[in-house]
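The structures considered in this document are given below.
Two complexes, one shared chain (subunit A), two partners (subunit B, subunit C).
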Partner chain A sequence: MAPQTRKAAIVGGNRIPFARSNSAYAQASNQDMLTATLDGLVARFGLQGQQVGEVVAGAVLKHSRDFNLTREAVLGSRLSAATPAYGVQQACGTGLEAAILVANKIALGQLESGIAGGVDTTSDAPLAVGDDLRRVLISLAGARTLQQRLKALAGIRPGQLVPEMPRNAEPRTGLSMGEHAAITATEWEIGREEQDELAARSHQNLAAAYDRGFFDDLVTPYLGLTRDESLRPDSTVEKLATLEPVFGTGGPDATMTAGNSTPLSDGASAVLVASDEWAAERGLPVLAHLVDAQTAAVDYVHGGEGLLMAPVYAVPVLLARNGLALQDFDFYEIHEAFASTVLSTMKAWEDPAFCKDRLGLDAPLGAIDRPKLNVNGSSLAAGHPFAATGGRIVATLAKTLHEAGPGKRGLISVCAAGGQGVVAVLES
Partner chain B sequence: MSDWYRDFANSGVGHTITKQLGLPRPAVLRRYEPGAPLLDGPAVIGSAGESRLRDTLTAVLKDAGVPVLSPVVADGGTDGERLGAVLLDATGVTGPADLAAAHDFLAPAVKRLGASGRVLVLADPPSDADSPAQVAARQALEGLVRSIAKELRNGGTANLLLVPAGAEASVPGPVRFFLSGRSAYVDGQVARLTAADVPGDQDDERPLAGKVAVVTGAARGIGASIARVMARDGAHVVAVDVPAAGQSLADVANEIGGTAFQLDITAPDAAERLIAHLHERHGGVDVVVHNAGITRDKLLVNMDAARWNSVMAVNLQAQLDITSALLDAEGVLRPGARVIAVSSQSGIAGNRGQTNYAASKAGVIGMVRAWAPAFAERGATINAVAPGFIVTEMTATMPFGTREIGSRINSLQQGGLPVDVAETIAWLAQPSAAGVNGQVVRVCGQSFLGA
Partner chain C sequence: MARLELTAAPSMPALFAKAAVTARGRGGDLPDTRLTRTGVQVDAADLAAYARVCGFPLADTLPPTYPHMLTFPLQLALMSDRSFPLALPGMVHVRNRVDALRPVRAGEVLDLEVWAERFARHRSGATVDLCASVSTGGAEVWRSRSTYLARGARAPEGAPEADLAVEVADLARPVATWRVPDDAGRRYARVSGDVNPIHLSALTAKAFGFKRAIAHGMWVKARALAALSGRLPEAMTVDVVFRKPLFLPSTVQLATAQVDGGWDLAVRNATSGADHLLGTVRPR
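And now, the complex of A and B:
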């Protein structure tokens, strides 16, 4: 047993540019994208034929044939076939959770190195047959005589032939994530203009980061795409203001548009995590360390809390455990599922009543310095292939911290479907 | 990208037809394979005058296991096996009269030369001579060698090595290169050696073992080939290309066990970032190959500033900036470092529609010549390689006629392959090439352009 824990190092990352749904990666499967992303990471760090401790990656939308998705991607990659792998799924928190899992094993001394990642496609999505038809087909497969087979087939009705599409909706409420976010936005009185401002800044920051070569060692082009397809470098508040609302349109003051909500996207990301020693032996950099992490969940069904508000609860727990104030960070990465989510999250932390009643705090966490937020762009501009977002953020923040110099600290906050949240602290 | 005509000319019926019609009959060149012998047949060594390199040459051949036969006389028997190489040590030539000995030795020997045979002449540089007669005789050898190169058929090449007094230790590496299949498409060239501290313990199967080599423009074409050959020769290759080419760059890096480094070499901080990367990941660098290049062809009168500037920025300014920064960076360019810049036949001969490209590639030649003394001072070298017509994806899109003519107007009557350029560059990176500095080696099959 390891006598004490150590902090896992973020060595670097790789992702493919994120594509819009049914576009550049329409023909690429999750396995294709994850394999390409692993291979890009292998090329960047010279890991050909090497065995890393574990590869942990998940996908939110998964075909049943992809039951061993991550291991299959490893076998198709240039990594040693002796590299173990497993999958995880925590909705939009998948990628960050994977990084935490790898980092924790490294912290305990169970691993010296690992790769955490995630992949999602909304284009090559799994279609399923409806439950009625599925039952017919199962009994057909189990039928032994001709009579039994005919009887089973007789159960088929035309209406059963329509496949079930995966939906971006909460099973327990039937509401889409956008509708949920719109409820929260109304609750917190988040205005249209501030959402558009946040969205425009996301595009401008991401474009500037690309222009200065920030992503040269974080992104590897794929299938002809060299930058994120959703990125609009010339995005402005004025242009965004012209868009019609798409969520919460039942109410009088709908504010959420396609411009201040993340588009459906395809993509994959991976992060190389290791012990300091493992990195040093190979002459590899340590961009940052993963200091600590926390998850939380809220009862959005009956408890009166917003679907995407769980990170608001996770962060104070994380801060208290580490003796930190919300203002003790040099950079903040708050996943932009919707601009209104980021704004609601920050507003909640500033609200004395909410912090006292819901979070049980004596004083509100307070405001964060906005110029330190999502400085190299986030999901509104990059797109958000669900499970790939965590890896994008971890690698981006680790490099941002590394560039800023030693001793810098960053906070990651990712909201997830099912009323969950995953947050973490990185330090250079 | 097969050479259909070469394959036809080497087929049974094609052989007959091309021979009877007097058509060009390009040979299938002998190219280097790891483990291949230095030569396919024995060698003969002759001299003209009181020469001084005979023992060196004999030792090179003996070490490589090549049998050395006695020179044959003009009317001697020719029933013996075909020669792999004919070496003439002409370092003793003092005047035109001594050249008769060269003729006496070469004529019967070259007649016995086998397929992809080598003629290699070693002489003193004309510029170092004592008298006009000596200069004339030494210069005459250049005309002799270049003409032999044009007369040779069946893949044979002829080259001239100029060896100044004191540079004898620099001879073995270049001799091995010019005899081997690595120099398949290097023909009719003159290379001048200099005195240098040549390490004696090179593993010829893996001459770059333990070296870190940067190759720019490595995602495809000639650059990818350079990366492959360098990795084959033992180097860890840092494959560099623009971020947009990252997918194929990663494929190349993964294929050869190297690393991919996406970088726009024209970015203002490109040199700084490259040096930081090399320092952090590898503690320094041994070999830098400036291969990245672009073309933006237009006749001069129609050429806009964007075409001119982008070609200059990638092909010349980036090479200058990165090399300069490497020289300035403390301890990054390791002792014995090698910089090899890719120039072009266009930079020597000029090319219609390529004023920008030719200017940049001629500039590269000026650059390596100017920097050679500074590199020599630190035990390093800087050289240029100038490819001729090399068969790539780019030439595959040329119109048929242009491509066929372009590929045939050289002494080997065929286009070279990316690997031919790569082999020459990898040779210049070898420790045993320490005595080759400030040179421009053309890989052009003795092209008629700019010859």
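And now, the complex of A and C:
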């Protein structure tokens, strides 16, 4: 049977406000947050006891006991227990990748509806025993005689008893994501002031969006929070300029501060994706369609490319396949892992040499219209619970496009650990 | 009727101690005192700890059993007072009915009222009901009735017969097996403040005639409802009877059946098949 493809509709979304690490959601597990987020979506779209085609969601920092996290959250939610679910993990690209997977099955006619989401906690993070102690404990469990047990126990050293915290660092380079971003910022000569401007704009845009009720049907309060905890509505370039740099401080002109980098956060998001028919049968709106998507990866270890630069490579592939120019969009959602990441990304697209040598393009992609960028705020203000960011962006952009009227187009670009990038086009 | 308002939750270890030393020489009729607290707000950390021990997801609405955490200290204050006719040590929780009239959000400001009623005859003693009502802005949102059995005690002349009948469907198929660890009583005591010695250790339980520590009935009830998270009606009546004590540690099985838009439940010993809890959940 030759598949007749169709474009999947973004019907709506729900998320909980994002909290700062070890704050409002310190006692909440990934499963708690994902379940609450699914239940909020269920309440918003009247899905109580109903079966949706699939729920796809992931977490980046995940406890081994949560091997079936998404299915467990579904079973604890008000969705029908006959709703299948699976998990995905593509670092900070998880949430967007989940939406693409659901949308693709809908496009192929394999699903009529689905929920894509993501959740992360940096507070209730899984601790692991160190590798040496882990090996001792495994051999102890396998020991059959007292002698074997004593021998295994003799392998324990006091220093091994300190648990390993999950670190926001690349296993192959040992550098934190911030340090990687600082290298890229230096390479692209990204200044302190432009980073602070971008950060201040993010806070102001997000605050304005909350004030005009934009998030009323996208966010459900949770554990006392009604807005993202990192949001500073009164943020200004002047205030941000007073912060000390925290990344790249080994160099002479460190520019990256806690103000122009995303804070560690906790939260969850979910997006309802469906066929147009499924939405119409239920009288539900179609905010936008997911038109196409692309991933890319770069060799940030030995290849001389920046860790967070993969979306720069993914976007031209996506544009070419759809016959679009970078300027053919009404809105741009470039995930603000760091302000410098957004600025490096845009600078690379404008750079003739980079576009020719690295991207193999005859001409640079060019500049984007800055007032169209992250118009309702992004991760610097909202926070960035890794796997939850994709769902936040998809729902936010879909609603932004819907508000702007039919035929509007938006581009999503999300960078991810491991040198990966996920990008997508939505259209109202 | 006397109504007495407490300004804070009473200290429960002190109440258990007071009840123990004043156990002798009690008698007479139930006091008509009502104990109240107003403007009570749920502590987020307490709620999280309770949810974790009972297996509820951490959400913005209270688990249907949670208001009992707020009203039980007042009930204990009533029972430990000298005016209460029955001695607290040795009393066992035999039935609990919760009417959750609507979901209660964690941030709501609650008014509590508790009282005792229905002094009743039972073949091995007497029962009494400790009632609770929780309201917000004058509207009742939750109420409960906990029936306690005092073995060997005598109800007053003309008292009615105790009603401990909860009918459940044939629940032949277990749906879940739980290993209940030997510290289950201590863990629940920590979050509920119910430090009744029969739950804390084999040694302290033996002093009251139990061979080992027994699980709190309200923990068993909460754990069973937590297993139905996402599958419970918004407004409901949950009525359970506690049968054989659940000795710690134990392996138990939950059996459920969908009945009348709600559930029938049983928690049974995995080895002997003895019923620990039988109950019904009905939408209202």
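FYI, the second predicted complex is superposed on the first by the 425 of 428 C-alpha atoms of A that agree within 3 Å, B and C clash if a C-alpha of one lies under 4 Å from a C-alpha of the other, contacts with A are read in each partner's own complex, and residues count from 1 in each chain.
Just so it is clear, contacts are C-beta pairs under 8 Å (C-beta built on N, C-alpha and C of every residue); 3 or more make two chains touch, one makes a residue touch a chain.
Here the structure is a predicted model, which means the values were calculated and not measured.
J.: Clash or fit: subunit B and subunit C on subunit A?
T.: clash
J.: Taking the superposition on A as described, I'd like to know which of subunit B and subunit C A:Val315 touches: first, second, both or neither.
T.: neither
J.: So, A:Pro221: does it touch subunit B (first), subunit C (second), both, or neither?
T.: Touch partners of A:Pro221: subunit B and subunit C.
J.: Of subunit B and subunit C, which one touches more of subunit A's residues?
T.: B
J.: Once chain A of both complexes is superposed, is A:Gly76 in touch with subunit B (first), subunit C (second), both, or neither?
T.: So A:Gly76 only meets subunit C here.
J.: If you stack the two complexes on chain A, which partner ends up touching A:Ala43: first (subunit B), second (subunit C), both, or neither?
T.: A:Ala43 sits against subunit B, while subunit C stays out of touch.
J.: So, A:Gln31: does it touch subunit B (first), subunit C (second), both, or neither?
T.: It touches subunit C, and subunit B stays clear.
J.: Could you point to the stretch of subunit B, among 115-123, 385-393 or 439-447, that collides with subunit C in the superposition?
T.: 385-393
J.: Both subunit B and subunit C contact which residues of subunit A?
T.: 36, 39, 78, 221-223
J.: Inside the complex, what are the residues of subunit A that reach subunit B?
T.: Touch residues, subunit A against subunit B: 36, 39-40, 42-46, 48-49, 78, 213, 215-217, 219-223, 226, 283-285.
J.: Contact residues on subunit C for subunit A in the complex?
T.: Going by the criterion above, the answer is residues 44-45, 48-49, 51-52, 57-60, 106-107, 229-231.
J.: Inside the complex, what are the residues of subunit A that reach subunit C?
T.: 27-29, 31-32, 35-36, 39, 75-79, 81, 221-224
J.: Touching subunit A in the complex: which residues of subunit B?
T.: 236, 243-247, 249-251, 253-254, 257-264, 267, 269, 273, 280-283
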